[in-house]
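The chains carry the letters A, B and C, assigned in the order they are written, with residues numbered from 1 in each.
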């Protein structure tokens, strides 16, 4: 034990939460200064799996960087595929056929459901409830099987191409997706009855880890974290892209700002994503899934380009600087959890250790995406 | 019975009880894994032996052959003593538990008191283990365990005092004798205490908290404190903590069975009573304990303490007063029956 | 919106509208390094949020520009000489030694309530990259500045701690500089 903890004049001690710790879900380390069970200050320490994707981007062609985008956020990789192809398509002026856009939306939303389901399980696990995790995995497994059948991958997807997608979806995928939605519709009320309405859950999440809307703005928080604090901001709605404007869906917003609000936002988003997928399947147009006139070697005009998509955890932005050659001059990846986690230090101050872990779980961290 | 046979009898019982505690712990782990497996739509262990029945043996061999690591900076004496401090009192408590009318190692008149005296040593083991580990998580865990155990011992003892007032004895076998069939189980004895089922529930909740079981497993809250007080323990050091935990669960549920559910007595007169009834009741309660664990998330320390001080203690005090009044107004025949 | 643009025009060296569909942002603001905090204050008051800070290393850009200009001038001179029927002049080597390289720092701002993306950029001397920190205005900028310092070695004066953030704690290199090789 450190001298600090043993010395009678010092009432605080330093607790290293991680880099190996069950609650950090990866290799995040949080340096906590504790006064008993109260947190005096919390400082996340990053970089344990920093891989310098941005430098890799400068050393390979535009198309060769695609696989890297699937390795940022391994739980919602398709959104990151989408963010990158969207940025390059904008820079190079590539048009995408409608069917491809529909397929992109269907797969991205399925991936979002998978990501939220896994988060749901892991979050309840953080709170000490083991069982929901396995039910969530059970459902997620079906999504992964579906996605595997069209993308060939289960986790680190590299499915999108400039001007379309790699592979067309087939009837099995369509019927399988419909069956899955039917099944999840049946099971979600069970989750709410068993978990959401559980008195212990409510006691642990209500009014715990309150983040104000102003704090979200100051730290640049996006996604469910911002929407749980009453900020009605979703890139799919406020900065429409792909074919999202054609669908009828709601953006769940809760105003409490506590962990419960963030929990509810994600649970409602599962429902909304299912609505989007259903509508997209109903209206799925025929046609090619890849634009025909995409050049083999892409050379966007010099200049800088910026593009954002709504990933499962918030706004994923890609800033490209092109110098007119076949490799990016600069490629900046703006990851949502990087900003979402940056407010943890301020939000966790003065909290109990157990509550701070509930707060951290409700931020939905994926460490590879923070460290990049 | 002369003195020497009494000694042999006691030794035989002690060996038997230690074997029972160890095997029981091993097979409760198997049961726990099976129960949680089925609750979670899995099948649990199945590879080692039929239905995975040999899994606990394999686990036991693994634990016993593993090196007991002594991390640097730990207090070597405290670190080694702690697992024994947890296990020995739990095994000692078995001495007075009546498995059936005659199957009791040593029937003493203050059996109930003895069980609680030993149960209180358990928390000392956790504290010593946590403190001796020289690990911050273990120290936090030990502090939690102590405050939790102190908080829950009060409503538990008040409830037990209420029961002793009704039964008029601390001899566990006599308490069982007073409950010959289901209508006279103390959990349904409204004439003695109108809050009897409530008392049973309080006792059950308290024994969950006393044994650090979910949803009160704050001492080893794995998402907060890694493994709590036994973070630094490996091999049989960890194994003893584990056995101690399960032995304590058995003690807690046994007491609940004896005090409220008629112990080894049969619920209906036409089926004879015996140790099988006792074990059936105990294992049913243990199943409930597991069921709760795999259903509920964990409370926080503050929530836990509030539950004890603000809800359980007032209710158990009310129960004590009501029971006292009832006993004064309409004394039970024979002081107990 | 117009008010914001007017207020930014007061501070900035140049403010130009960009084609959102092609570029992904609406307003391209260039400021002097010392004015980034003022720009942040204006955007903060207007309710904007900081999405990201990053840098771009323009190593050799000044030299490339000078060479391209010299070439263009030479081509024009050559053409003029050929038209006049004269012997074309020899191309003189371009002296790029006195040219200073620059680094660019880019701030992306956006608003939760309406779609208007503002990109604030400024350039600093590459040999001595220094500019004030804006973490007093946007506390979220702290981490982005740390990351930018890691990658480019750009010093944000006023940032509480610029020790390696994503890089290993003993890292003394800045991998996104164009002259870095592993």
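Some notes on this structure:
We take it that a residue touches a chain if its C-beta (ideal position, glycine included) is under 8 Å from a C-beta of that chain, and two chains touch if they have at least 3 such contacts.
These numbers were taken from a predicted model, which means no experiment stands behind them.
Using the mean of the Cα atoms as each chain's centre, the chain most removed from chain A is B. Here the chain at the heart of the shown protein, by mean C-alpha position, is A. With centres set at the average Cα position, the gap from chain B to chain C is 68 Å. A straight line joining the Cα centres of chain A and chain C is 29 Å long. One finds 44 Å separating the Cα centroids of chain A and chain B. Within the complex, the chain C residues that touch chain A are 21-25, 47, 49-52, 54, 56-57, 106, 108, 112-115, 117, 119, 138-140, 142-143, 151, 164-168, 175-176. Across the complex, chain B meets chain A through its residues 36, 39-42, 73, 134-137, 139-140, 143, 214-215, 217-218, 221-224, 226, 294-303.
Interface residues of chain A, counted against chain B in their complex, comprise 1-2, 5, 13, 15, 21-23, 36-37, 124-131, 134-135, 138, 194-195, 198, 200-201, 203-204, 352-355, 357. Of all the residues in chain A, the ones that touch chain C in their complex are 46-47, 50, 52, 54-55, 58, 87, 90, 93, 216-221, 226, 231-233, 238-239, 303-308, 315, 317, 319, 321, 329-330, 332, 334, 338-339, 342-343, 346, 371-372.
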